[in-house]
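Dropping a structure here in structure tokens format, bear with me for questions.
Chain naming follows the written order as A, B, C, D, E and F, and within any one chain the residues start at number 1.
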Amino acid sequence: MKLIIAYIQPEKLNDVKQELYKAEIYKMSVTNAMGCGQQKGYHESYRGVDIEVNLLKKIRLEIAVNEDFVAPTINAIIKGARTGEIGDGKIFILDLVECIRIRTGETGNEAIG
Amino acid sequence: MRRVLITTAAVLILVFLTTNLFADDATTSSNSRAIDTVWMLLAAFLVFFMQAGFAMVEAGFTRAKNACNIIMKNLMDFSIGSLAYWALGFGIMFGASKAGLFGSDGFFLSAGDPSTGDGLWQIAFWLFQAVFAATAATIVSGAMAERTKFSGYLAYSAVITILIYPVVGHWIWGGGWLSKLGMIDFAGSTVVHSVGGWAGLMGAIVLGPRVGKYIDNNGGKKISKAIPGHNIPLAALGVFILWFGWFGFNPGSTTSGTNLSIATIAVTTNLAAAAGAISAMFTAWIRYKKPDASMSLNGALAGLVAITAPCAVVSPLSAVIIGLIGGILVVLAVDFFDKILHIDDPVGAVSVHGVCGMFGTLAVGLFAESRYAQAAGLGDVNGLFFGGGAKLLGVQALGAISVLAWVSVTALIMFLIIKKTIGLRVSREEELRGLDIEEHGMEAYSGFQIFTNQ
Amino acid sequence: MRRVLITTAAVLILVFLTTNLFADDATTSSNSRAIDTVWMLLAAFLVFFMQAGFAMVEAGFTRAKNACNIIMKNLMDFSIGSLAYWALGFGIMFGASKAGLFGSDGFFLSAGDPSTGDGLWQIAFWLFQAVFAATAATIVSGAMAERTKFSGYLAYSAVITILIYPVVGHWIWGGGWLSKLGMIDFAGSTVVHSVGGWAGLMGAIVLGPRVGKYIDNNGGKKISKAIPGHNIPLAALGVFILWFGWFGFNPGSTTSGTNLSIATIAVTTNLAAAAGAISAMFTAWIRYKKPDASMSLNGALAGLVAITAPCAVVSPLSAVIIGLIGGILVVLAVDFFDKILHIDDPVGAVSVHGVCGMFGTLAVGLFAESRYAQAAGLGDVNGLFFGGGAKLLGVQALGAISVLAWVSVTALIMFLIIKKTIGLRVSREEELRGLDIEEHGMEAYSGFQIFTNQ
Amino acid sequence: MRRVLITTAAVLILVFLTTNLFADDATTSSNSRAIDTVWMLLAAFLVFFMQAGFAMVEAGFTRAKNACNIIMKNLMDFSIGSLAYWALGFGIMFGASKAGLFGSDGFFLSAGDPSTGDGLWQIAFWLFQAVFAATAATIVSGAMAERTKFSGYLAYSAVITILIYPVVGHWIWGGGWLSKLGMIDFAGSTVVHSVGGWAGLMGAIVLGPRVGKYIDNNGGKKISKAIPGHNIPLAALGVFILWFGWFGFNPGSTTSGTNLSIATIAVTTNLAAAAGAISAMFTAWIRYKKPDASMSLNGALAGLVAITAPCAVVSPLSAVIIGLIGGILVVLAVDFFDKILHIDDPVGAVSVHGVCGMFGTLAVGLFAESRYAQAAGLGDVNGLFFGGGAKLLGVQALGAISVLAWVSVTALIMFLIIKKTIGLRVSREEELRGLDIEEHGMEAYSGFQIFTNQ
Amino acid sequence: MKLIIAYIQPEKLNDVKQELYKAEIYKMSVTNAMGCGQQKGYHESYRGVDIEVNLLKKIRLEIAVNEDFVAPTINAIIKGARTGEIGDGKIFILDLVECIRIRTGETGNEAIG
Amino acid sequence: MKLIIAYIQPEKLNDVKQELYKAEIYKMSVTNAMGCGQQKGYHESYRGVDIEVNLLKKIRLEIAVNEDFVAPTINAIIKGARTGEIGDGKIFILDLVECIRIRTGETGNEAIG
């Protein structure tokens, strides 16, 4: 099992969700995040004074999947999030040791989906 | 001896009068003029404050990422509107009539001589009218929220206060052809609210819906999606401010505090608003299973808009009925524009101001009662339900439709011209990221964690 | 010749009078009536605006997940209250008295003939009274916040404006038995505030505390937990709006702008509010080591409630003292209800309106001074501290206690009936998830990240 | 017979007079006094409401972590100011003059006898003056926001309302030396706004900038960093409230509703505000490439401050020009204080109130026109642009500079004393964590996720 | 060492905290999250129009523990969070390579508790 | 590759960012979090009633780095965040299996920086 973490542009969340649904990945967790990457902050100012917006708003996805779902998940994320512009985001993959469904106590591959 | 007596009596009386009546040079008539001026000014201040109400309602009913933009639109349509109405609008509305169609003098407050009572009256009257003009202008920003280019909006502001609104005002209030036909629109259900509502409708049509508002179903059918407002308490505050300001709007429209029918008008205004809130709530409750707060708030406004034309000529009971109908109407109209016509009006401005404004105008023809109208100095008129026949109703309908036609055509042309020249809509990316950052380079709620993907 | 002379003089005088005094048909008495009407209406508008203040205070002092619900409660108790008071409440309060206990005619504004000055006066007076009735009603929503079923609350609204409030109003203001005894409650410390406060107390008792408000210690002792309000700036705005509206509430209660003691009343009102804010802040500072903002805001309201009964009959110095005591009292009362009695009143409504309302009523019996009372047209009365003896104090105490008894009993019965029939409290799950989603199907702050576990 | 006739005539006339004029004992002069009192009180209420406006503007333009603190400062400077001005300030401002420098009696409202018309007038006048004094006091909190120790701020509040403000008030409005020279500051561009602005400037200097506001560049040059406000919609609401309140501030300064130049004043006030908003927006647009909302809002305030002195003596056209200049000036001044002088004024109070207040005072000397001044009862004065020569301008300049000198010196001394004794600034850690938690032990937006690192 | 990530219902946070305390686990980190799982969104609407609430509010817990605390932690979370209804949440377990206490520089098992 | 998670005091974010920049680590993701650790909550109260502030506001950093950047990153975080007082925070290190740049599809060490 793998835990996939992806940082994407906020406005791409809906597109990514659509692609994940198409790939039959229905479970995920989403949080707000701020990110520093290659993308330069847009020019923001307040009362004529520049604001160093080097922390840009991002959406963080966390998706736990079985091994055979790793590739489809990654592809779906890329398909939904890629524009070709700096700031598109990044995907990180971690090993997931165990997964437990709280309601039933099921574990492992059973629990993940 | 007698002569002396008489003279003494006369002198005594004169002395008496002098001492008691003319202290501070006040006379009864100067006092009543002062009462009227004070009343009209205070009413104008209350109507001004409605700008804050509109700003809060519109900001609260839209998304956080566009809140600065809405605020700026409201600030600027009032500011530009004030100067435009001073320079040109007022003259077109109240200047010497050309064929009953528009006024032609009194620009730049030229009739406002500060050294005469009449001149000062003109000046106070201008303020009262200016805040009305700005109300009509600002209604539109709600219907066009969250996607309009700021510079395009500034252009629109000027046109409506210089041309579209004053011409209607001239027809109905400035001695124009509709006023000659006997149309009664006491405080402006048509003049102010419908004008704003229909202009907003044209704006919303020309702009098109917000990204994500209507999505295509599998069956190729469009489905309406909710885009919830970000700050309902703020919107509610806005509604309370509007209701408060309406006590200037309607009773103030006597432009006279010595006309005691201000009492009736304040009461009909309040009852209609209350009734509108209640009926909208129950209508929403029945239709959507939950008493939706935003609809109930809209209902209060619907009641207020509906009573604006008839407030001085109907009984409290009629006011309650008018308010109840207004509240139902606004829910149905919101549904109709959204789910049937797929016109995206983020705050329901078209339904509240356009539809209920038209209904209120017709309500005069139905519910007017002579004893109220006469007390307010509007003559011996009765509506259909009170034995006056259909004549008044006909005039009201003619007025409402003429204004619909005038505003639709001129506003449509205006928005199309703006679209071709300055541009009326921001790009998809700007809309997604929000107008605050894209148009104004700032955020409304710096530091707050907000889900910005919607 | 003389005759000619005399006649000439008389004619001249008449002409003179005609020209100067009756321009626009105004007379001195029509002017003073206009001043009174304008004043009373403007005051009523200000009192109406207090609804916005209550809505903001209550929303701000509770949690984000219940903000729409609070807003809806405030909107609806005013709306339902307006119609209920129009239909029935006003008649029960000011109609022909039955045994000094309740009024019995004047329903549906039937005395409001728009064609006479008196009728118009009645209509304006109705509005002024209606916004007072709604104030009493809305106070209750604060004490019952965050756990009350919405439909149960709607039922409550109607009952208080139809029955509980108007009966008290009749006793004290409508010519009932307490007014005959000489009780002075100038602007309604008891009539409005205590009624709201005690009804809220009963509501809070019948409802029980919010989930998580009192937890059992290991030692089996209940411990009070803080449930912080979600928007203090909004609550502060509400307090400023209330303070502003109170300038209509108290000075407006002369119902006459030609009664110049409106000046004194405005000043005592302001000084008491300022003093209340200061003393509450220092009391909180001493007790809790920090100058708590919510307590200071409550302190200003406490000062205002306390001065409401005596505002017209006390000196500015006494007003300062009354305000200072009110501010201390409210902090102690909040602690008492919360930490000793374990009655959960989220916004402190019982302490502010019930306790300080009662204190203000008694303060009349202590601080009244004849020279202020006479200026306001309230006769030659002095309180205990100014040589008037304990008689007035006794009457005030009798009034305060009778009202406490009446409201407690009727409100308790009402809430118990609602509990058994419609239901008064939402389920634990609904309360945890928030009333906005459960009762109204919407969120107050869509898009904002809010910790919803509290 | 003739005698009978005459007597009859006289009696008839008297009866007539009695019935019509003295119903309710009203006389023309009592009516006009009532109109004046009602007007002045309502204006005072509006000015009071500006406190809410200041609180919202200042809270909105600063960070969420300091919002409770700002609210408390505004609540407390008004409350303490009210009591201080009642006890001492009013006497120093309007008491019997000592050498044209300060007043010396009338403390504790001792001239306010409630049994005479004059005494009641004094009482109403006190309220009107008290809300002005509190306005001057509250301006300062904006410039000192986000880093001032709360107890130090309380001390400051008392000093400004007891000493610094009343002395200036005495000079210009209380019969002091500047009023004798003929200085015209109709509603207080200098008396109220500059006093607040310059005191704020001293406070900001003594405090130093907020942590992180100016950082050292590699080249050793200081760079200004933006610290964005957390709630622009709330700030916008504040500006609308201030604008609304200004209709009490300026037109109310006639202290008379029978002086019909209140109409002109209301109009000049509105036009200048509108012009200020527009010119500030365009200035910001040109300089920063984006129409900054906070600057546009400041622009409206700048126009209002600038028109405050000349509102009664200039034409609408001049008002527009004054507003336009004010709007440009405020943007340049904000830049100047921030980027050149590196004085940290979080909400721009010094630029809005100090700089534009001074400009408005000078504008009297430039734009005054006799026909407006005379209508307002200010005599036959003309400014430089209207043929009056430079004399008036000289007096205005002298006044503005004298006040600058007085306020700078006394405020500087005061702040330095507070710094040495009570302490004026919180520690770095307290500032970073926020004054709400550190000074008041609470949060403004409990439950909301806010990035608190800024 | 393991890093335990749990998604639970917001209203269950206090109960879970109680259970963790009882199991002598005092350290944890909490964030707001939005989740898609088996649970269907409750019916939310705005002005009569449905809102697709397929992202439900969740609380995300992150708890780093030594191996012998893994089981007690999981049990405590389940005990506090389980209602038996869909939406109860899920637990993920990752291997934790290292843990460092910033204040002291301690590492590993020392640092975690 | 490693994924470094750090919890720090909110007011230390700027200092940590400076130190990371000095160590030439420019990419990171930041989220708001609430934490329970050794640090006792400051005394907060509302209307005279105590609030149990045992969840303190923290900033959560997530930084994905190549192996040779692990030590510099940790040092930079410690340098920026340490005050020596309780509440300074904690660093967790996880193995990162894969990293993908959405824009280009690059993976592994290439993608991370």
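Convention: a residue touches a chain if its C-beta (ideal position, glycine included) is under 8 Å from a C-beta of that chain, and two chains touch if they have at least 3 such contacts.
The structure presented is a predicted model; accordingly, all values stated were derived computationally and were not measured.
K.L.:
Counting hops between chains that touch, how far apart are subunit B and subunit E?
P.N.:
The fewest steps needed to get from subunit B to subunit E is 1.
K.L.:
On the document's contact criterion, could you list the chains that touch subunit C and likewise touch subunit D?
P.N.:
Chains in contact with subunit C as well as subunit D: B, F.
K.L.:
Hop across touching chains from subunit D and tell me the fewest hops that reach subunit E.
P.N.:
2
K.L.:
Would you mind working out whether subunit B and subunit C touch using mostly the same residue numbers, over half shared, or mostly different ones?
P.N.:
Counting shared over all numbers used gives less than one half: different.
K.L.:
For subunit A versus subunit D, what separation do you get between their C-alpha means, in angstrom?
P.N.:
Result: the chain centres lie 52 Å from each other.
K.L.:
Based only on mean CA positions, could you tell me how far subunit A sits from subunit E in angstrom?
P.N.:
Centre-to-centre distance between subunit A and subunit E: 18 Å.
K.L.:
Using the touch rule from the top of the page, what residues of subunit A touch 2 or more other chains?
P.N.:
Residue numbers touching two or more other chains: 31-32, 34, 45-46, 94-95.
K.L.:
Which residues belonging to subunit B are in contact with no fewer than two other chains?
P.N.:
Touching at least two other chains: 2, 6, 13, 21, 27-28, 31, 35, 38, 42, 228-229, 231, 237, 288, 290, 292, 294, 441-443, 445-446, 448-452.
K.L.:
Which pairs of chains touch each other in this structure?
P.N.:
By the stated definition, chains touch in these pairs: A-B, A-D, A-E, A-F, B-C, B-D, B-E, C-D, C-E, C-F, D-F, E-F.
K.L.:
Taking the touch rule as given, give the residues of subunit C at its contact with subunit B in the complex, in rising order.
P.N.:
Residues of subunit C touching subunit B: 2, 5-6, 9, 13, 20-24, 26-28, 30-31, 33-35, 37-38, 41-42, 44-45, 48-49, 51-52, 55-56, 59-60, 67-68, 71-72, 74-76, 78-83, 86, 108-109, 112-115, 117, 120-121, 123-124, 126-127, 130, 150, 231, 234, 237, 439-449.
K.L.:
Show which residues of subunit C lie in contact with subunit F when the two form their complex.
P.N.:
Interface residues on the subunit C side: 224-229, 284, 287-288, 290, 292, 294-295, 298, 331, 334-335, 338-339, 348, 449, 451.
K.L.:
Tell me, which parts of subunit D touch subunit B in their complex?
P.N.:
Going through subunit D, the ones touching subunit B are 2-3, 6, 10, 13-14, 21, 27-29, 31-32, 35, 38-39, 42, 46, 63-64, 228-233, 236-237, 239-241, 243-244, 247-248, 251, 257-258, 260-264, 266-267, 270-271, 273-275, 277-278, 281, 288-294, 296-297, 300, 316-317, 320, 371-372, 374-375, 445, 448-452, 454.
K.L.:
Show which residues of subunit E lie in contact with subunit C when the two form their complex.
P.N.:
So the residues of subunit E in touch with subunit C come to 10-14, 32, 42-46, 57, 59.
K.L.:
Would you mind writing out the residues of subunit C in touch with subunit E in their complex?
P.N.:
Touch residues, subunit C against subunit E: 212, 429, 432-433, 437, 441-443, 446, 449-453.
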